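Chain IDs A, B, C, D and E follow the sequence of writing; residue 1 opens each chain.
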Amino acid sequence: MKWKIGVADTTFAQIDMFKSVEKAVADAQKENPELEIEIVRYTVPGIKDLPVACKSLLSNNKCDIAIALGMPGSMPIDKQCSHEATLGIQQAMLMTNKHILEVFAHADEEADAKALVALVHDRAYKHAKNAVALLKGRTALTAFAGKGLRQGKAHAGSLE
Amino acid sequence: MKWKIGVADTTFAQIDMFKSVEKAVADAQKENPELEIEIVRYTVPGIKDLPVACKSLLSNNKCDIAIALGMPGSMPIDKQCSHEATLGIQQAMLMTNKHILEVFAHADEEADAKALVALVHDRAYKHAKNAVALLKGRTALTAFAGKGLRQGKAHAGSLE
Amino acid sequence: MKWKIGVADTTFAQIDMFKSVEKAVADAQKENPELEIEIVRYTVPGIKDLPVACKSLLSNNKCDIAIALGMPGSMPIDKQCSHEATLGIQQAMLMTNKHILEVFAHADEEADAKALVALVHDRAYKHAKNAVALLKGRTALTAFAGKGLRQGKAHAGSLE
Amino acid sequence: MKWKIGVADTTFAQIDMFKSVEKAVADAQKENPELEIEIVRYTVPGIKDLPVACKSLLSNNKCDIAIALGMPGSMPIDKQCSHEATLGIQQAMLMTNKHILEVFAHADEEADAKALVALVHDRAYKHAKNAVALLKGRTALTAFAGKGLRQGKAHAGSLE
Amino acid sequence: MKWKIGVADTTFAQIDMFKSVEKAVADAQKENPELEIEIVRYTVPGIKDLPVACKSLLSNNKCDIAIALGMPGSMPIDKQCSHEATLGIQQAMLMTNKHILEVFAHADEEADAKALVALVHDRAYKHAKNAVALLKGRTALTAFAGKGLRQGKAHAGSLE
């Protein structure tokens, strides 16, 4: 199978999240030699420019799935921008009938920069792996349903 | 009659809500031997991936109704994600003219894990029964209108 | 003239708001013997299921107008559900170019149950009358524009 | 040129905002004798009924622009209704590619009724004038860009 | 290549943001002599009138990209208007598959007027440059991805 993954990122972000996506896709291809995956990248200024970029990747570039990489700041206005971007991403998914995995890392999720960098890359890596799983079909992740998986953090696990 | 119920769940949730849906549908079929119901499952990473999964179940898999199973966390960002997912689900329903029953259980609805597990399964079970009722037609639930029914809790009852 | 009014209500509500709609429509028909009005009812579990039910009444059942009857609870999550339902109702109206009169009564609008029951029925009754007026045309309510009319409460009146 | 301006107002408002729109349009016609303007009015119960009324004026009545007149109350629920109405108006504009000038006056913008009445009429009058300007074309207001114009209040002026 | 950039601004703003867009486009043309760029301007009363103006510039005037210039005030209602305008802009982008760069400067971002004027022009200038970059294609900004670029402020830089 040949797939195209669209990846949109921003110049606003303070971490190059794309490289973790690239690594995850390379690893996924090693684990699934039957998959041939092409990445199509689109860089925009800020988080609110991501929804239309993802829609363009899905519609114009015929990507099968998209990943939106963003790093909202820690001020209330940044939280609001993030919320607005998410609503745009929701709409873009429903208009295209395709997934857009949102990989947003808030500047205040970690107190120090080093921990934030680690969190961001873990989240981007794991969600890129999720994107590959979703390409395989609607039950590729079913074995993990309700298992409390987390991206950017340790898994929370099942309560049962 | 033959019906298809789409069920979307997440790897983020910490409880396997799907099994209560399965049980409710099995029970409903016993109670309504004329109904033949097929469940189509779709597992996604998180709550914000549910709207497009449900829309896909309704549009691509031709399900007659969908159930969205999610467990938002207890932080403000989790509440926001839940709100955003709900808005996507609202749109997905209006685009398909079909119901998507939202079964969201917030991690802070109960103080201890055991009570939360019970709440979650009660809510999922009852809403799966509601889904079957809605398949029967627009007045199948009319006998219970204004009766203060609750899912995940005891019924509140009528004030009249 | 023959009209169809769609009425969607919930099993979550603790008051049977529908009966006040029925009464108002019967009264309106007495006052306007030239109007023949059919009510089409649709009962759903909760408030967030109302938008698609109303859209279905307007699109599939060819109703000319719809009334959405709901009773959100008094917790913050209930307020949020109400807000989300309203946004869905807004969309449903714009997609169908028809009115959906939203009759929502919040559980905390009155301190005691008896007063709440009275408020709810007053609001449902008056809005059902409004629905009939809107069926008559865009200026049927113009004599009352800016007059501070209220549903569920005494009219506020004009400030001029 | 012959134009149609749609004006939607409510029975909830406590001030007859329409008469200031009428006056502004009459004045605009005196100032622009080449313009022939017809006003099409639509009265609805409350603020959340305005978006579909405006869309209907623009789509069904072929108005070139619409004005939405509303007076939300001063309680939190009123603020929320106003927000929801605005989102509906935004959608209605994007669906029709036409302007809907929103003239909302919040009950708590002024402490006493007399001042509120004056504010409301000033806002409605100035926005009706804006509507006429927008009918003339996309640069009719350009001479005032960045000039800090206000409706319902004294102009704020330029900071430069 | 010949491009059209739509620019929508408001009479509400207290600073003429347009002139910085004009300057940036002139500079960009000097730096990229192969680009021929035409600016199409549209002035509206307030921030909530920007989404439909931008959509009109993109759809009716066939602009390739748009810039929305707005200055919300510092009161809570102004923040809400800004949020509502942003949601409209998100929708307008998804409906047209084109970028609308939002250049909003909040009246309370700086304590004194002079600093605010400088911030506003810096933001408008840099975003107009971003618009030109986006016209060149989806990877024109990729060299700056994750670099913490800011408009209206000093760049934040990379955390890595």
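Keep in mind that, in the parts below, a contact is a pair of C-beta atoms (placed from the backbone, for glycine too) under 8 Å apart; a residue touches a chain by one contact, two chains touch by 3 or more.
Bear in mind the structure is a predicted one, so any value in this text is a computation, not a measurement.
Undergrad: Treat touching chains as neighbours and tell me the shortest step distance from subunit D to subunit E.
TA: 1
Undergrad: Using the touch definition from the top, list the chains contacting both subunit A and subunit C.
TA: B
Undergrad: Moving only from a chain to one it touches, give the least number of moves from subunit A to subunit D.
TA: 2
Undergrad: Go ahead and align subunit A to its copy subunit B using Cα positions, then give the rotation in degrees, nearest 5.
TA: 70
Undergrad: From the mean C-alpha coordinate of subunit A to that of subunit E, what's the distance rounded to whole Å?
TA: 26
Undergrad: Roughly how far is subunit B from subunit D, going centre to centre by Cα mean, in whole Å?
TA: 42
Undergrad: Going through subunit B residue by residue, note those that touch at least 2 other chains and give them in order.
TA: Expected reply: 87, 91.
Undergrad: For a test of understanding, state which residues of subunit C touch subunit B in their complex under the given definition.
TA: 9-18, 40-45, 48-49, 51-53, 55-57, 59-60, 77, 80-81, 84-85, 87-88, 91-92, 95, 113, 116-117
Undergrad: Which residues of subunit D touch subunit E in the complex?
TA: Residues of subunit D touching subunit E: 83, 86-87, 89-91, 93-94, 97-102, 106, 127, 130, 134, 138-142, 144-151, 156-160.
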